[in-house]
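One structure follows; several queries about it will come next.
The letters A, B, C and D name the chains in turn, as written, and every chain counts its residues from 1.
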Amino acid sequence: MKKISMFVVSCLLIVVFTGCTSASGEGGTDNQITNSHTEQPGASTQATQPAAMPSPDPNKQSTLVFSMYKRDSYFETAAKAYEKEHPNTKINVKYIVKNTSEDISRAKQEKFKSTMIADFLNGKGPDLVVMDALPADKYVAKGLLANVGDMLKGDPSFKKENYYMNILDSLQTSEGGLYMLPLSFSLHTLTGDQQLLEQSGVHFNDQSWTWTEFLDTIQQLTAKRDDRYGFMAFDENNLLLNMARTDYNRLVDAVNRTAHFDSDLFLGMLEQIKQMKGQTVLYYGKELKQTEGSKGFPIYFGEDELLTPYQYFQYAANMQNSKEHSLVFYEKPKAEGQQPGGYFEPYLKIAIHAKSSLQPEAWDFLKFLMSGQASAAAAWGANDLTYEGQGFNGTFPISKSLYTAKTDNMVQAGPLQMLEGGPVKITEQDLKKLDSLVTSANKPIFDGEILQIMAKESPAYFHGQKSAQEVAKIIQNKVTTYLNE
Amino acid sequence: MEALLSSGKRNARKRIVVVIASLFIGILLVWTLFSNMMIGLTLPRVVTETPAPGSLDFNFQGTSSLQPVLEVELFNPSGEKPTEILAREGDVVQKGQLLVRYDRTAKEQQLELEQNALKKMKLGSKQLQDDFKLAARGDDAAAIEAARNAMESLKLDLSAQEKRIQMLQTELTDRTELRAPFTGRVTAILAIENIPSNGADIRLLNTERGMQFDIQIPAGMAAEWTEGDAIKVRILGKDSRLVEGRITKMEADSRKESNMPEGSDATKNPASEERQTTKEMVQVQVSMHDKSLRAGNRVQVELTQSAGGDTFVLSRKAVHQDRNGFYVFTAQSRPGPLGNQFYASKNYVTVIGEDDQRTAIAQELWNEDAEIIVESSEPLMDGQRIRF
Amino acid sequence: MNRSWVRRWLRKDGIAAIPFLAPSLAGFCLFFAVPLVMSVYYSFFDQVTDGTFVGLDNYRELLESSSFRKAAGNTLLFTGVGVPLLILLSLGLALLFNRQLWLKNAMKTAVVLPLVVPIASIVMITQIFIDWNGVLNAWLHRLDLPRVDWLNSDGALMIILLIYVWKNIGYNMILFLAGLQTIPHSYYETARIEGAGSLRQFWGITVVYLTPTLFFVILISLVNSFKVFRETYMLAGAYPYDRLYMIQHYMNNMFFSLDIQKLSAAAIFMAGFIVILMSGLLKIEHRFLENIS
Amino acid sequence: MTISRNLSRLLLSLFTGLVAAAMILPILLTVTNSLMTEREMSFNYGLLGVVTDASAQAKFVNLKLIPDWVTLSQYAKLLDSTPRFLQMFWNSIKLVVPIVVGQTAVATLAAYAFARLRFKGRNVLFMVYLITMVLPFQVTLVPNYLMIERLGLMNTSGAVILPGVFGVFGIFMIRQFMANLPYVYTEAARMDGAGHGRIFWEIILPLTKPGLAALVILLFVDYWNMVEQPLIFLKEEFDYPLSLYLAYIQESERGVIFAASVLYMTPMVLLFLYAESDLVEGIEHSGIKG
């Protein structure tokens, strides 16, 4: 019996080794991309060195593979522009879908996730990858992404003052590594009616308030006048997610793999959200019809995600229209003792493969992408300000100089024709306000399996199908399963 | 026996299944063909071309008419009718050359009259001198004074009269002739012999200052020019030839190509309607020095610019524009259930140059043997299925 | 010694086996054995490429994971209940169909058809029944009982079991029917002549001669019990109710967490379990075949 | 005697009929619902997955067996305005037929070796085969992906077909059948000095016919339903088989899901109906008696 098994195992091993040797033999003649694929032992040691990134060898022919789920035309133009500047570097931009409408059923996304995993684990992953559709934390945990933060620090040609370092710094992991560089970001803020808030005489400090303080504030506000809603949130779930995000560390203990969704904290959140809905304290939805008798905004606070500067200017336009009410952006509530500063959500997060042999080239290209040199729209026209179809070109860029160049152009170009509504004059003062929003943002909005589990289960409570305890228990069980895998 | 029976039943059943199966497959097959055909018919029809590698010689032809730099009209100096016209149209005349003689009789008669009056005055002066001598002998101071005065005044009158005669005499020589003020060419004789004229009699062109014309040239082609540069200009006409001109003035022109004055190349073609190119034009003034040039001569400026480097040339109709730049649609084939299917794919291109027929685009990876859609029966969208 | 071993091997049917086995073995090695060996290899390393040997660390981690233990327990429960249930039911049906019945063929077709229903359709029909607004809750409502979120209740397991049995009963029945056909009629005739009752005929002939088929059916049922994951996943997602969290969920989630080491280790656990089970069955089968001969 | 026999037969038939009816109910539902208009579909099932307020009046989905208005509009829509549906249907055929034919051939040969030949390592090798059948797809995905890429099969139909051809399920099934065949059948041939090739071809293969029929059905069903392999190993959507259309059917296409299911099932049902008679045509009819 032993001999038999020995025979079988040796037979299999022979097959394996012949398979591997023939395969690695093929590797050399594979194609020009091989450069990035051959598993050079040097590549991995290089990745772990925090030392300065050597500048790319200008005489080396290399092909960078740049993978993404969804195409962004900026990447293509940028790749072309970069190739022109660096004739020895070819950029192979690979994407799965041209736009998300192609993939409503998410089959392609699943394909992208799976093939990326297979590619990365086989050591053949792309040199650069857009992580937006991928679970970045898992890749980082497996050491598959290079620490671009080190590259950034070690590169004297990277001018920190040209970038929103507040964004980049706050994306660092708890160990201080920075594995993805976002090319753009959106801002999550509260909007408030300044006049009304001042008249009400209720004092608050949006720099430091927690959700409890915020909810207290709106309750005080609505206690004085009940023809206005205190806060208009997108929906209950979203509010819950917001609250859970700020208190994430109290709900989830990743180190000890325990969750606290059955705690009073979480139950309190659930109950508070539901309870306040009955009064005029909270309103859920995106549109609010003006109630009779009150002009302007029948709410004290609303929440908003400024995906592109367009939305900000739309607000500026509204401000110009309604003289009595001036819309002001406030910071969203945060955890106790957290630094002041708003929330932002990074987009087009690009990572470099830790095992790529072309890291210097990849970093150089990433730098080029970040600088926005190839950004098609020199100015933000009305068309370029919307996000749809524009991708990078319409968003808040990570490059400060690009942002300044674009806004300067816009101020010079005179009144801005919005997609709806008349031309809006963008003043330096408007821009200053926007600037301060951008430069103060320091809390990333994150997503993850746990938040998704929460979002899936909690509507049952909000719609009265289940009790808070039941929902909390289900979430607690599922999250515990997740944490202990 | 039972087995045989049941096997017979089985075979019958199998046959039924086979019939149903072939029906099912058949219907689907027919439907596939049919729907493919139906869809095919509703697809936009396209005409394609393969871009030819090469460079686009970008031609520009602009015509204009020459205008003299300096041309003056010479007026009748006296108002007399011309008696003899010495110059003929087109004559090249030297400075001071006699051009027209005018009627002198009126002037001569007046001179004669004046001379007679002078004579009369001179006679009068003798009388006065005698009067003075007489008075001087007397002691009547007043009378002496009066006589002196009279004599003095007559003297003045005399000199005045002499001046007038002199004037008349010069007038007779000067104003009865028209002479060329500068070397030039007579461009028009307006005077007619023996008919009094009150306007200009001769139009004279200064040949030393030469001719000039204005023309609008696309900014892209004029980019390398500065004032003072020489350009070749073709003189149109029977003996068309090339003459060198010199740029004297350049200024940007905001007017669009379509309302160019001498409609140089704004031939209305469908492509230019489809894509409103707001070509920047430059107003250029060119001066020319050639004796044989006539004002009003048609001149033509011919420019050729090679849209340089590795370019592909394709029909101008194929290139469209949106807010992100120029693009073309290429026909791409993908395998379908029944052979290849064709799709329109939008590709942004870098336009190097274009003329009214063709456009040169930068050579890129994708466009090496791409089928570029020139015409389509309906507006296309990226990714749309098409047929040929 | 080595040579003599080879010679001994060849003396038997070894040479004859080569042409029969070669095509399958070649493809099998390429597409199944090599990946399998690589998976085993991964399970001893900390990274897939350039990893260092960590021995049994991955296995230790796996066993420490409470989620894995939960998944393993749930899977054991599900297969432990589901497979015997399925086999009993399908055997019963097969025996029924082996008798004289009216409309036998039509009914047989009806039983087998669930096999071909696409997953999307199964999921949709299941949803129609178990959704919060679904038919089951409508019935409860009519009885003035509170609605149940079936997928987040202990009933969830029953639902998955039902889907599993419903879908695979036809599959097994085909196998059993085919197996029953291999039992020569003469055996029964002989038994009848010898005066054996139908129960004795069943135990003495049917069960005995069906045993090889039975083992095969057990294996296939086991394999298919793993396949019901796809329906579960589409109904309840990657993190279903605790009871539904099977080892396939664990593996699937490990895959998307890029934790191929733990995934491989879990797979090897699973394979080990199945090997033990199957070698036991094979041994019995072997002995049984010898008995018949 | 005959009366009681007929009675028991009737009762058994009734009982089996009930079971069969229960089994076929979901399929019946699929077929009848495929004849509904889309409006009726959304009216009946629009509430699925919708979180309704508990305070509001209780509303439920409406399970309906008979449509109000029988129409082929779902089919028309599916076939007419969803050209990829037909395309995917042919893709499925193109992938599944080679797999079924190939695996049946390869497996029959290998099964003979496993069932009728004795060689060292047989059981261990068999066990290794067995393990690969049991493991979920994801376990070997990463090495498999590497393998397929190295073989240059990525994004070709070969990446799906070849692993399918060498799948081990067929070996198991046929081995089972062959192992069951009494050795007496082959002993005579052996005495006559027939080789394994002849024995296999002339004796064993005809006897395995019901097994082959069952195998063809089961393989066809298995591979007709495969999802992961084509999703990952095929690049272009127009190469995808029908199973992917149904596995990732979009919310907006719910109105045609039943019609799509019916068309999806039809080839399998037809195949089953065709092969079923071979399935029961066991040894008793093949002329050989033990």
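Keep this in mind: a contact is a pair of C-beta atoms (placed from the backbone, for glycine too) under 8 Å apart; a residue touches a chain by one contact, two chains touch by 3 or more.
In UniProt terms, the chains line up like this: A = Extracellular solute-binding protein; B = Efflux RND transporter periplasmic adaptor subunit; C = Sugar ABC transporter permease; D = Carbohydrate ABC transporter permease.
Bear in mind the structure is a predicted one, so any value in this text is a computation, not a measurement.
Set against the C-alpha centre of subunit D, every other chain centre is closer than that of B. Closest to the protein's overall CA centre, chain by chain, comes A. With centres taken as mean Cα positions, subunit D sits 80 Å from subunit B. One inter-chain figure worth recording: subunit C and subunit D are separated by 15 Å, centre to centre, where each centre is the mean of the chain's CA atoms. Averaging C-alpha coordinates per chain places the centre of subunit A 43 Å away from that of subunit D. Measuring from the averaged C-alpha position of subunit A to that of subunit B gives a distance of 58 Å.
For subunit B, residues that reach two or more other chains under the stated contact definition are 13. Chain contacts: subunit D has residues 51-52, 120, 123, 128, 141-142, 146-147, 247, 249, 273, 281, 284 touching two or more partner chains.
Contacts with at least two other chains are made by residues 3, 12, 19, 114, 117, 121-122, 460, 465 of subunit A.
Across the interface of their complex, subunit D is touched by residues 8-9, 12-14, 16-17, 19-21, 23-28, 30-36, 38-39, 42, 48, 93, 96-97, 99-122, 124-125, 127-129, 131-135, 137-138, 141, 166, 169-171, 174-175, 177-182, 184-187, 209, 212-213, 216, 219-220, 222-223, 226, 229-230, 234, 248, 251-252, 254-255, 260, 263-264, 267, 270-271, 274-275, 278-279, 282, 285, 289, 292-293 of subunit C. The touching residues of subunit A, when paired with subunit C in their complex, are 3, 12-13, 15-16, 19, 39, 41, 44, 113-114, 117, 120-123, 135, 138-139, 141-144, 355, 449, 453, 456-457, 460, 465-466, 474, 477-478, 480-485.
Contact residues on subunit D toward subunit A in their complex (touch as defined above): 51-55, 120-121, 123-125, 128, 141-142, 145-147, 149-150, 231-232, 244, 247-252.
On the side of subunit D, the complex with subunit C involves touching residues 9-10, 12-13, 15-17, 19-21, 23-24, 26-27, 29-30, 45, 47-52, 58-61, 63, 106-107, 109-110, 112-114, 117-120, 122-123, 126-136, 138-144, 146-147, 151, 162-163, 165-166, 168, 171-173, 176-177, 179-183, 195-197, 200, 210-211, 213-214, 217-218, 221, 224-225, 227, 243, 246-247, 249, 254, 257-258, 260-261, 264-265, 268-269, 272-273, 276, 279-284, 289-290. Those residues of subunit D lying in contact with subunit B across their complex are 79-80, 83, 86-87, 89-91, 236, 238-239, 266-267, 270-271, 273-274, 277, 281, 284-285.
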